[in-house]
Every structure is written in C-alpha cells, then in structure tokens.
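Below: a set of structures, written as structure tokens.
Across the two complexes that follow, subunit A remains constant while its partner is subunit B and subsequently subunit C.
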Partner chain A sequence: MQLQKKICLLGMYSVGKTSLIERFVYHRFSDHYLSTLGAKVTKKSLQISASDGQQIEYNLLIWDIAGEETENKIPPSYLLGAAGAILVADLLRPETIEALPSVLERFKEINPGAAVVLAGNKKDLLQDIESDSKEILRLAHQLKLPCHLTSAKTGCQVDSVFSALASSLLSRDEANQVISPPKKKAKTRQAKDQKR
Partner chain B sequence: MTPENRTSTGKTGVDPLHQLKEILLTDDQRRISELENEVIDLHQMLADKERLLATLSPILTDLLGRKIHESRDDMATALAPLMGEAIRKQVEDSKEDVVDALYPIIGRMISRAVAESMKNLVSSINEQINRRLNVTLWVQQLRARFLGVSTGEILLAESASVQIDHLLIIHQKTGLLIAHKSSTNESEIQVIGSMLQVIKSFIEDAFAEGQHTGDLYEIEHSERTIRIESSRYFYLAVVYSGVPTAAFNESVRGLVHKIQNRYQKPLRDYQGDNSQFNGIDKYLTRFLKANLQR
Partner chain C sequence: MKIDLNKLMPPLGLGYALLDPAWQIVECEMDVIPETGREAITGESIGSAFPELVGYEPILQQVSDGELPRFKMENLNREGPKGNLVYFNLEVVPTEKPDTPLVVVLSDATSLAQLRQHIRQQQYEMQLLNRQKSGLRGDSETLLGYSEQIVALRNLIEKLSGIPRVTVLIQGESGTGKSLVARMLHGEQKSPFVEISCASIPENLLESELFGYEKGAFTNATTTKSGIMETANGGTLFLDEIGELPLGLQAKLLTFIETKKFRRLGSTVEKHVDLRLVTATNRNLEAMISEGKFRQDLFYRLNVVRLVVPPLRQLGEDVLLLARHFICHYNLEFNKQIEDIDESAREFLRRNSWPGNVRELRNTIERAMIFCSNRVLTAKDLNRMQSEQEAANTRPRFDIPAEGMPFAQIEKEILINALQMANHNQSRAARLLHLRRDALRYRLKKHGLLSEENDLQEQ
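Now for the complex of A and B:
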C-alpha cells in the first residue's frame, strides 16, 4: 500500500534543516550556508512494516520551511495539512532549543493530530555530548516527544529521525484505520472454487 | 386509663415510640423534605421555559458537537431535510442578514465570472477580426468547398490551439498530488504538485487583504500557462501552451465539477491514500481527448 504524507521541517534559521534533508534524500552535505527562502519541497519514499506484516510505502513530501526569528512569521498555509514534523535545533545554540516549544504549539494548533519528532543537530561539533545534549533531552522528556541527536555532516542518526517520524505516522494511520488490510486473493479464489 | 393513653403519656409524659421514631427517622425526614423541595424546584424549572433553556443550552452545544464528531454522516443525513427549509425561512425573515453573510463569497464569484466572460469575449472578437483580415481565409474557404465541409469546421479543426502538457489534481489542504496525466515523462511530478502549492499559498497569503482572500487563477511562464481551477477540497492545474478558447475554459470548469461530485467523500477525508480515487484517470483521459479534438 502506498500513502503520501506532507511533513514539515521546522526550527530557527541556520539549525541545519536543509542539510538534514540533503543528507536524507541525496546523501550529501555542504558546509556552504544558503538561507532558504519561503519553502522548498523534496520527495523521499520510505518502506515500513505495518503490525499485520503489510509493507507500507510512505511517499514523504518534505517541506523545508525557512527558519524565522518568530514562528508567527511562517504562513499557516505552509503548515496546513501536515501529517508530521521534525523540529530541529542546533545543539550549540541554546536559543534554538528554547524556541522549540512555541514552534510546536503553533504547529499543533494547525495540525492537532500530527506526529512530531525532535532533532538536536550538529552533534559532530559537540565537545561534551552528555552535557551539551542535556537541555534538548530534558525538553523532549518534558514534551513527551522522541528525540534524536543528529549530524547532517556525518549522517549520524539522520535516517533514524525520519524513520522515527514514519513509525509515528504508521501508528496514527493504523489507529485511524487509514491502512486497509491486504486483499486476500487466495481466499477469494478458494471461496469461488467452493461455490462451484 | 386505656393502654393507648398509658403508652402515649408514660411516666415522663413523652411517648417512647415517638421518641424512637424521631431518633431513627429525623435524618430520613429531612432528606425527604429536601428531595420534595428539589422535585418542586425541578417542576418549576420545567414549567419555566427560560430557566430550562438556560440550563440546557451549554449541554446542547457540547452534545451536538460530540454527535457531529462521532457520526458526521448520520448527522448530515438527519439534518439534510431541514436545511433547505431553514435557509428559505431565514431568507424570508431577514433577507438583509443573508445578503450580508453571502456577499463576500457571491461578490467574488460574480466578479471572477464577469472578468472571465469579458476575457473570453475579447478573445472571441480578436479571433473574428483576425479571421476577417486574414487572406488565408480565402484559401480555407476554397479548401472547404473542395472537401465538402463548412469553412467553420476547417477553421475549428485548425484552431486546436491548446497543447496540454500536464493535468494535475492537487489536494487543497496538503498540496499532495491525487492524480495526474502528462504528455511528457516527469518523474518528479509529485514535487511539482507540492511546489505549485507553495507558490499558490505564498501568493494568496501575500496579497490577502484582511478578510478578503482570493485564489490564484493563472501563472504564465514563457509559452506555457498554468491554469488553476479551485474547488473546495482540491484544485485542477492545467499546464498548457497556446490560446485557450471559451469552450476550453468551460471544459476545465466542467472537469472540476465532475470530480468534485464523484469523489466528494474521499476528497473530504483524504489521508494520502490515492487508491480511493479509482477511475479518476478516466475523467482526465476524456478531458485530454476532448481537447485534442477541439
């Protein structure tokens, strides 16, 4: 079964949203910083097994939304209809972590049932991982959200953060009965044969 | 002295049975009295229409909200017969209020329809002028006579002026591509659909004036035009080159209405599953064929 989903990458400017997408979709990284204007959409497919064993192919339309000083500057129509979001912070800039609760609040106002995952990016630049990641892990615990410490540069945990989001999408789709049980062709044939 | 008198007075003059009754039943009697008062109060409340309404109003809103949330279709079925009557009554009672409420929508629809009709009229007049001045018309007339058909048919056949490259059905809320037909192989067609949504959202937000929002109708790029026809849950984007005729514009609107009517429920409840739109290809293919013949 194939499902399409709109997902958003949100967070302050220069936290590495575009780099995470570049790494996840194209397996590449550039140190050259180019600020995103408005939004840009990229596509990536992910296969995931449903609880009944059925293979679900998620076609993720990933909206890379320009980071703003305040989340209110993002047009609501960019967020509307998103099934999920990855909220990204720069582990070396505490203000980007502090901004996440209000970004989450705005996103959830528009998409109350959506799945959300946190990503603490630029892990490769940390001197003391345990101490420097404490703040985002504390926030993730407080908000009850999964959190991954990522590095777009090395690729560390990048696939995992998108997979975690896909798993959350799957749980929601199973709960909302969006995922239909696989068609049992063999049984139908058997039934027809029996009728004959 | 009778035994009754003895027991009623006793030595101290107080009836022990009465005393026992009082000890055992005081609480119950008080409770009965309270309940009596409550029953009286309830009767009064039932009789007092205003009080009853004040009590029930907040619950009714919640109840209706919950019922609509739980079984939207059932509520729609239950309320549907009343809707026509309710609207008619409202129009009879307060015409002005209804006009005020509908003006932002109807006004916009009328201005758009008038603008489009004017555009078509200008296009049609230009076509006629060009035809009259064009010397090739004489050649066409000779050809028509030779082939035994009317000049109009020859002109119509040669004015297949629109070349359609893409037809995209895009979900209004998410920007996800529901269906498409393309004359070229375009692997990233889903991304094109979503980027179109980004552009559309940006323009509509940027030029929204207060409460007055509008829909993006057309984008021109080089020789290509992207014509957007919006419906409640989706929009149709036709990427074409050439000069559209009034009949082409009409067929775009017709296609949108057909899809809206046929797939209303899956469009409303869309969660990214395109398998719910079986047969939508048929509508798009028919549209392409009709516009190829034109």
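Now for the complex of A and C:
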C-alpha cells in the first residue's frame, strides 16, 4: 500500500535541515553553507511494516523550509497539509534548542494531529556527548517527543530520525484506520490523490 | 467572454495550469519555469506536476468554493538544469467556470530571491561567526573553523584554559595563530597576559626584560625596573619563539620553572611569582636538543601539554570560512561591500599551499580587497596580488640610470603610480604607500599633482 505524506523540517538557521535531507535522500554532505530561502520539496519513499505485517510505502514529500528568525517568520502557507515534522536543533547552539517549543506550537496550530520528532544535529562536533545532549533530551522528555542525535556529516542516525517519523505516521494512520484493509472505497479526492 | 490564457499569460512572463474539478491539468504553459514545465503534462493531477501542492487539496477546494479569494506561496525552490536554484511563486486563482474552476499561476522569482538569499546568507554567517567568537568567553578572538583538527584544538584549549597553572607548549608553522592560541588559553581573565618574543630582542636585553634589574646592576641601569615575570604574576607569561632562547637564559628559565623563584639582575632578593607559562615555537625542539641547541631538561618542563596548531593547507574548507571572515572584517575597515568569493577564487584558495598560513591568507585578502571594485572576489583578484609580489621580489623595483637621477623625480613617479593603482582614491593611495592621507596630500601638492581631478574623484 502506498501513501503520500508531506513532512516538514523546521528549526533555526544553519542547524542542518538541508544537510539532513541531502544525506537522507542523496547520501551526500557538503561543508559549504548555503542558507535556504523559501522552501524546497524533495521526494523520497520509505518502506515500513504495519502491525498486521502489511508493507506500507510512504512517499514522502519532504519540505526543507528556511530557518525561522524573528525577522524572517515561516509563512503558515508552507506548513499547511503536513502529516509530520522533524524539528532540528544544532547541539552546539543552545539557542536553537530553546527555539523549538515555539516552532512546535506554530506547527501544531496548523497541523494539530501531525507526528513530530526532534533531531539534535551535528553530533560529530561534540566533545562530550553526554553533557552536550542533556538539554535537547530534557526538552524531548518534557514535550514527550522522540529525539535522535544525528550527524548529517557522518550520516549517524539520519535514517533513524526519518524512520522514527514514519513509524509515528504509521501509528496515526493505523489509529485513524487509513491503513487497515479498506472496507469501503476511499471517496475523498484527497485520498484518491494520495494513493497514486 | 472567453479569455485565452495561452495568449495572455506567457507574454506577461507567467506560466499557468488550468485545472478541472478533479484537480487534473487540462491545459498548461509552464516554460517560465523550465524545470516545472518538464514534468507538467496535460491530464496529470496537479500533485504530480507540483509536489508543492500535495496536501493542499482542501485549500484548492476552498478557493474553488469561494471560501478563500486566492492562495499564494512564494519562493518555492527547484533545482535547475545546471544544479542552480530556481525560485518561483505560485498562486491558485478561481476562474468561476465549473469545468475548469482553478488556475495555478506561476511566476519566476529567481533574481529577487537570489538577492534576498545573499543578504540573508551574509547576515547568518556574521551571526555564526560572532557566536563562534564569543562562544568560548566574552568577545575574545577564537580559532575559526569546522575542520576536525580545529574543532579538536578548540575543545582542548577550552579544557586547558580551565586548568590555571598547567604549562603549555604550542607548536605550529609560522602564521598559524600560535599567539592567538596562547591568548585563548589565558581567556578573559582580569589577570595579566604578557607576551614577549625571544627572537626579537638581543640576549642581554632579553634577560633584563624578563627578570628586571636593580639600579646599578649594569652600566645603563640608572633606575630599578621590574621584569615581565613580575608583571605577569597571577596571569600568563607567553614566550613566543622559545627555540630562539639563548642557552644561558634557558638555564635561568629552567631554574625559575623549578623553583617559581628568580632574582632581578643585580639583586640578592628572591622573588616568588605564580603564573602560567605558555611557550610557542615553529622549530623542531627535539632536533635542536640532539644538536645541543636546546636543553632537554627545559624541554621536558615546557612540554607538559603540547598543542599543535595545524597548517592552513590541512584544514580543507576552513580556508573558505576564514576568507569570508577576513572579507567581512575588511569590508568594515575599508568600507567596502564585497559580498562573496566566486568559484574560481574558492578553487584558488583551496589549491594554494599557503606556506605563510592564516597570516598569508589574511594579507592576500586584504590586498585583493584594496583593489577589487566588484562585489565578488575572483581568483584573478587574489592571484594578481601574488604574481605581482613574486615579480616584485625577483627584480629590483627601480632602475637608477648610470648618471643618477634626482630623488624628487622618483618620489613623483611613485606618487603617480600609487594614484593610478588606487584609481585616484587618495585614501587608498595613502594606504598603499603607508602614509597618512594628509602626508600624501602634502607630497602631491609639492609635486603639483593635487589636480582638481584627484580632488574631485576623492569626493
């Protein structure tokens, strides 16, 4: 069964959103920083097994959205219709972790039922992983969200963070019975579109 | 009235896709964004031509039903054919026709977006640099870079700076930033940081500078003077180019390290000071030991912790980061607006072996920026300076004819030369000649070179 899902990468500038997508989709990394303006959509599909053993293929539309700053707010139009989000912080810049709760709030306002996971990125730069990851793990605990420590540079945990989001999408789809064997033919135009 | 979109839109620089009630493309013209055009095929659903609109079906419905007047998204990115980014705006507009209720209008936004991207990039890079600078403590300078070696070095310095009295030996080629490392080790403490280069002062003077002297200790000692050991008490004493320290002084320094005590020249009173000793060298001290030029016992005392500052050629992409940092710095200093370096310059920066390391890079950027009148530095800007310098190093700068020539004439020629190089900008010409601007103007006037043109250009 195939499903299309829009997911967003959100977080402050230069935390590594573009780099995580580049790593996940194209298996590459560049040290060069090119700040994103606006948004870019990249496709990638991901297989996952439902609890009844059925193979689900999520065709992800991954939105790389320019990092938000006070003077450059994310236009809400970019967030519409998202089924999930990865909130990214740079483990070495505490302010990027502090910024996440308000990013989450705005995302949830528009997509209340969406799945969210946290990524603490640039793990490769950490000297003392335990102490440098404390803040984001604390925040994840407080927000009750899964959290992965990633490195777009080495690829560490990058697939895992996308898989974690996919399994959150799956549990939602199972709960909403999007996935259980279809009894009736899907009627809405959205469902029709999604199946392709 | 039937409007022929195909005649209306393209001449306005717009693309469009007309949609049926199932959101399938009935008609389209999208050459305005070539990368979009390729995928958009009549009969396809809007979602496959525009992954950007997947998930927006309820919005399309709202626009079609008149609940929303229209819907717009700006600055969507697509990768162009050459890997370049193309930016476009997309707007969903109702047509009020039941067969084709919506039209998606597309416009190219690349030029404006590129400008905005550029500004934002600079702003973020500045913020990141400032952050990095202040990351360790206060506003002090820090080693910039993301290469593994620099990150590891920064972390080590951070750790060591927390251990106040540990003796550190810094090794690295010249121009790598050894004295910066010493200052970072010292940190932002209120305590003194005292620096002296063992290579720049003759032996007898160095001794009195280090230890101080009593009145009458030697012929010219007309007063009593404390040495920098005392000045550095409670803080850091940084001895640069320790490899040049004469053997006699090496013995004295060793005694000091072992006892923490010393005597001023001509004094019998022992003084006790408590300081962190940091030394640096670009020499191979081990080799000097085997040649008998450096004391092994002193070496062991100095080499409690050794920090190696890597040469620039080993730092990969950090050379670009540093170059951008210096560009920001000299933009402020020279009041210029150079925004970036182009690919050719990046290649040049990466390929150069930088024997003079960061110092050489800094000088290269500085020189290139003095002459660059564009917004982007190219390899030519960077290279011209180097080749000019090389040429200048290999041939004499002035040919004096056998019969001689008046000095005034040479001076005049140099002034003209400098004005030409500086595009008749007097401040820049003054900088070229290491003169103050008023000193330059005085000389220009003397040679009758202060023409209206030069003065006008200056304004």
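Operating definition for what follows: the second predicted complex is superposed on the first by the 177 of 196 C-alpha atoms of A that agree within 3 Å, B and C clash if a C-alpha of one lies under 4 Å from a C-alpha of the other, contacts with A are read in each partner's own complex, and residues count from 1 in each chain.
As a convention for this text, contacts are C-beta pairs under 8 Å (C-beta built on N, C-alpha and C of every residue); 3 or more make two chains touch, one makes a residue touch a chain.
Quantities reported herein were computed from a predicted structural model and do not represent experimental measurements.
A.B. asks: Based on the shared subunit A superposition, would you classify subunit B and subunit C as clashing or fitting together?
C.D. replies: clash
A.B. asks: Per the contact definition in the header, classify A:His32: touching subunit B only (first), subunit C only (second), both, or neither.
C.D. replies: Second partner only, subunit C.
A.B. asks: With both complexes superposed on chain A, which partner does A:Leu3 reach: first (subunit B), second (subunit C), both or neither?
C.D. replies: The first partner, subunit B, only.
A.B. asks: On the superposed three-chain arrangement, identify whether subunit B or subunit C touches more subunit A residues.
C.D. replies: C
A.B. asks: After superposition on the shared chain, which partner residues are touched by A:Tyr78: those of subunit B (first), subunit C (second), both, or neither?
C.D. replies: The answer is both, since A:Tyr78 touches subunit B and subunit C.
A.B. asks: Applying the touch criterion given at the start, work out whether A:Gly113 contacts subunit B, subunit C, both or neither, answering first, second, both or neither.
C.D. replies: neither
A.B. asks: Quick one: classify A:Gln127 as touching subunit B (first), subunit C (second), both or neither.
C.D. replies: Second partner only.
A.B. asks: Taking the superposition as given, does A:Pro94 touch the first partner, subunit B, the second, subunit C, both, or neither?
C.D. replies: In the superposed model, A:Pro94 contacts neither subunit B nor subunit C.
A.B. asks: Looking at the overlay, what does A:Val178 touch: subunit B (first), subunit C (second), both, or neither?
C.D. replies: first
A.B. asks: On subunit A, which stretch or stretches are contacted by subunit B in one complex as well as by subunit C in the other?
C.D. replies: 4, 6, 38-41, 43, 61, 75, 77-78, 80-83
A.B. asks: What does subunit B use to touch subunit A in their complex?
C.D. replies: Residues of subunit B touching subunit A: 171, 173-177, 188, 190-191, 194-195, 197-198, 201-202, 204-205, 271-275.
A.B. asks: Per the contact definition, I'd like the list of subunit A residues that touch subunit B in the complex.
C.D. replies: Checking each residue of subunit A against subunit B gives 1-6, 38-43, 59, 61, 63, 75, 77-78, 80-83, 173, 176, 178.
A.B. asks: Show which residues of subunit C lie in contact with subunit A when the two form their complex.
C.D. replies: That would be residues 22-23, 45, 47-48, 51-52, 54-59, 61, 71-78, 85, 87, 113, 116-117, 120-121, 124-125, 127-128, 131, 146, 151, 155, 316-317, 320 of subunit C.
A.B. asks: Residue numbers of subunit A touching subunit C in their complex, please.
C.D. replies: Residues in contact with subunit C: 4, 6, 13-14, 31-41, 43, 61, 64, 66-67, 72, 75, 77-78, 80-83, 93, 125, 127, 189-190, 193-194, 196.
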